[in-house]
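In the two complexes that follow, chain A is the common piece, with chain B as its partner first and chain C second.
Entry: the complex of A and B
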């Protein structure tokens, strides 16, 4: 099985799976912290509308985990503060 | 003739299936990686969920622009130019005619705790199951109001039964409205016996699987766990469009809550085109004539943006628009579809009468509940922008409170703030956004 990194941990994923789906299967619910009150956020609408599942992928901010396919070797971090 | 279809869901695909029979070139734009829209969402590599449209996806007469975000459409001397971003690059193409079929977004109602991880829209759960084959969570609750809860329950239950390894289960189903309200759709049921049978078949499915729908109940709060995820819900009685607060509240432990209050048209594309809209069941919808023509010459609209009605109605509307685009509006084929559209519209309107969210939902929701999730603006901050600061529209309230100014650009909160704006006297609640999606300056500068 292929893997990507989330906050340093190896997360396995199926071919064609979204990043959000792989994280949820691994039991990881918190994708980012809200900007004002630093509260945890996760996947909400699942189809790219709500931008609540934003993560930092290879240093690029505001990437929607529900839309983007997982790929080998990606380095993903929780998004804090920005939006 | 060059035709562009914006949206590869049921309406757009149905239109394409008619158009390929004529001497026209067809480009289809969609922000997702494959055809089908939300309704026919399927896993990569799986065959198209509806066999009627299977052969279209690799038809030589159609050019597909997937993963493509249309951010601007300009009027030209004789047609329209579509500007879109694909793979980080700008593409621009000119067309004689446009069909806008950009669909709907799910409606959510704010409830304390709805921003917690573990709470998602019913559509999100449906897309995780259908698109990814994943069911997150173990104790699952489905709640809200409307017919969309039915297919979500069925998809979820079927998936749970298939995978014996998972210990996940549905622990509660809560529907705000009672079944008795279906008399409001009696005319629609008589005209659409297929739909009546579908409803009966679903009720039988529930009974067979020992699933109980608790009607007249609504989630009034989601409690958080130590790790700040959803842990428990508070369930309150819902009568005459209001919460009945008091002793009868129940509590239920759960870790995944899928909520839905139906759908509302996504007017992002219609608003960059400045198409005329009208109010229907409190939703702003694109104004069309009997051939699906909009207020602008050369632009047609079909599907959910012309009024929520489901995929079968969207197919008919797409087909009727397609016949008119190629000058066959008076054909028998078009007339037959118009009759069918009339029958399906009556059913859809009946559903709206049963399940329409009250325009005054905010009167019974909590004062400090977050309405704009992106900018974390509460119900009372938005209400006081109208009552104290003198805001008179969604737009002015946004300038005072930042509600709708975050990353989602109001896609989630606009419809909810609109209800408040209408109460305080403003008819001007039109979506007013000149750009159709999130675009970076870098992508535009290339």
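Entry: the complex of A and C
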């Protein structure tokens, strides 16, 4: 099975699976912290509209975990704050 | 129903009219065919600007209004992100006309400061290095206009103001000494009607038996996903001022970029006179995005959350219409502020309240008189 990294941990994924799906299967539900009150945020709409599932992928902020396909070697982090 | 004043329109202009009418001791009802801020107030950026106006009646009104915004916030509580963030007008080419305008504005009481490459980089660390000339306007302010209209109306409702949403005014009739405002469900008798229907103010004038030449001027705004604080001020290309003042019907775009407290960055501004057409225009969006990324290269990787458009209430001479109707006694207009309605709303509402109460007005109302059009159109 292929893997990407989330906060340093190896997360397995199936070919064609979204990052959000792989994270949820691995039992990881907190994708980011809200900007003002640092509350946990996760998958919400699942179709790219709500921007609640944003993660940092290879240092790029505001990436939607629900839309992006998991790929080998990605380094993904929880998005905290950004402003 | 019976009241002293009916205000048609619950945008920011209607809310500010309600504020000053309420504070002057008159009983009032604000009525809107939709909800609070469901028209142009909900489709703007929340500009409270003095920098984009040449000396004249509008600038005088804008300077007064800007101060009054902060007084209103002190009174009702600043629950609407009002902040004097300052504006930065930049020039990509010859800055002579920008500097000339700033000198004229300075003479009219606007705080201005010419800035060179080093100061521009300090004010806006992410701006393109190609930008070497600008003017900093510390008085320019911003608010979240939907929150402002809603908060002001909510506070007034605790003080005897009545707000009625989802009721469209279909008839305004003069009977003896009073005006009767009718919707499909209601009949309200009052002494005064204030037409604060923004881009739709011409319709309200018409059903009252008068007329007002207010037309829509469409604008698009691009909204990015929340980003780090890349943009500190309201930053705009100085050709924006020329576009604001122009009367061309076809598409004009000039870059206006600013951050909001929720982290999104708003990118404008386009102007087109093509009626009430809400169709999303890809060429307009492309142009706005291209201009924005050339001013702030860091935005090239930003994602857009959404794009929205709205209709500025445009009057033939670009000045708002504030004052008594020349035909229908008791009918007052407060509309046609084009893209400056948020900024001008406070002083406009105050002016209307003073005209109704017969007080000495804060500015000379003559340049804003509805009669300047109604004489021609009669």
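Structure notes:
Keep in mind that, in the parts below, the second predicted complex is superposed on the first by the 82 of 83 C-alpha atoms of A that agree within 3 Å, B and C clash if a C-alpha of one lies under 4 Å from a C-alpha of the other, contacts with A are read in each partner's own complex, and residues count from 1 in each chain.
In this text, a residue touches a chain if its C-beta (ideal position, glycine included) is under 8 Å from a C-beta of that chain, and two chains touch if they have at least 3 such contacts.
The structure presented is a predicted model; accordingly, all values stated were derived computationally and were not measured.
Partners chain B and chain C, brought together by superposition on chain A, clash.
In the superposition on chain A, A:24 contacts chain B only, with no contact to chain C.
Legend: residue contacts after superposition of the two complexes on their common chain; A:16 is shown touching chain B, with no touch to chain C. Residue contacts after overlaying the shared chain place A:51 against chain B and chain C alike.
Counting the residues of chain A that each partner touches, chain B and chain C differ, and the larger count belongs to B.
Contacts of A:35 after superposition on the shared chain: both chain B and chain C are touched.
Once chain A of one complex is fitted onto chain A of the other, the partner contacts of A:61 are limited to chain C, with no touch recorded for chain B. Contact with neither chain B nor chain C is seen for A:74 once the two complexes are overlaid on the shared chain.
Contacts of A:43 after superposition: chain B is touched, whereas chain C is not reached.
Common to the chain B and chain C contact sets on chain A are residues 35, 51, 54, 62, 83.
Taken in their complex, chain A has these residues touching chain C: 35, 51, 54, 60-62, 82-83.
Interface residues of chain A, counted against chain B in their complex, comprise 14-18, 21, 24-25, 29-31, 34-37, 39-52, 54, 62, 66-67, 83. Within the complex formed with chain A, the residues of chain C that make contact are 225-229, 262-263, 301-303, 305. Listing the residues of chain B that touch chain A in their complex gives 31-32, 38, 43-45, 105-106, 115-121, 123-128, 131-134, 136, 228-229, 373-376, 406-408, 411-412, 438.
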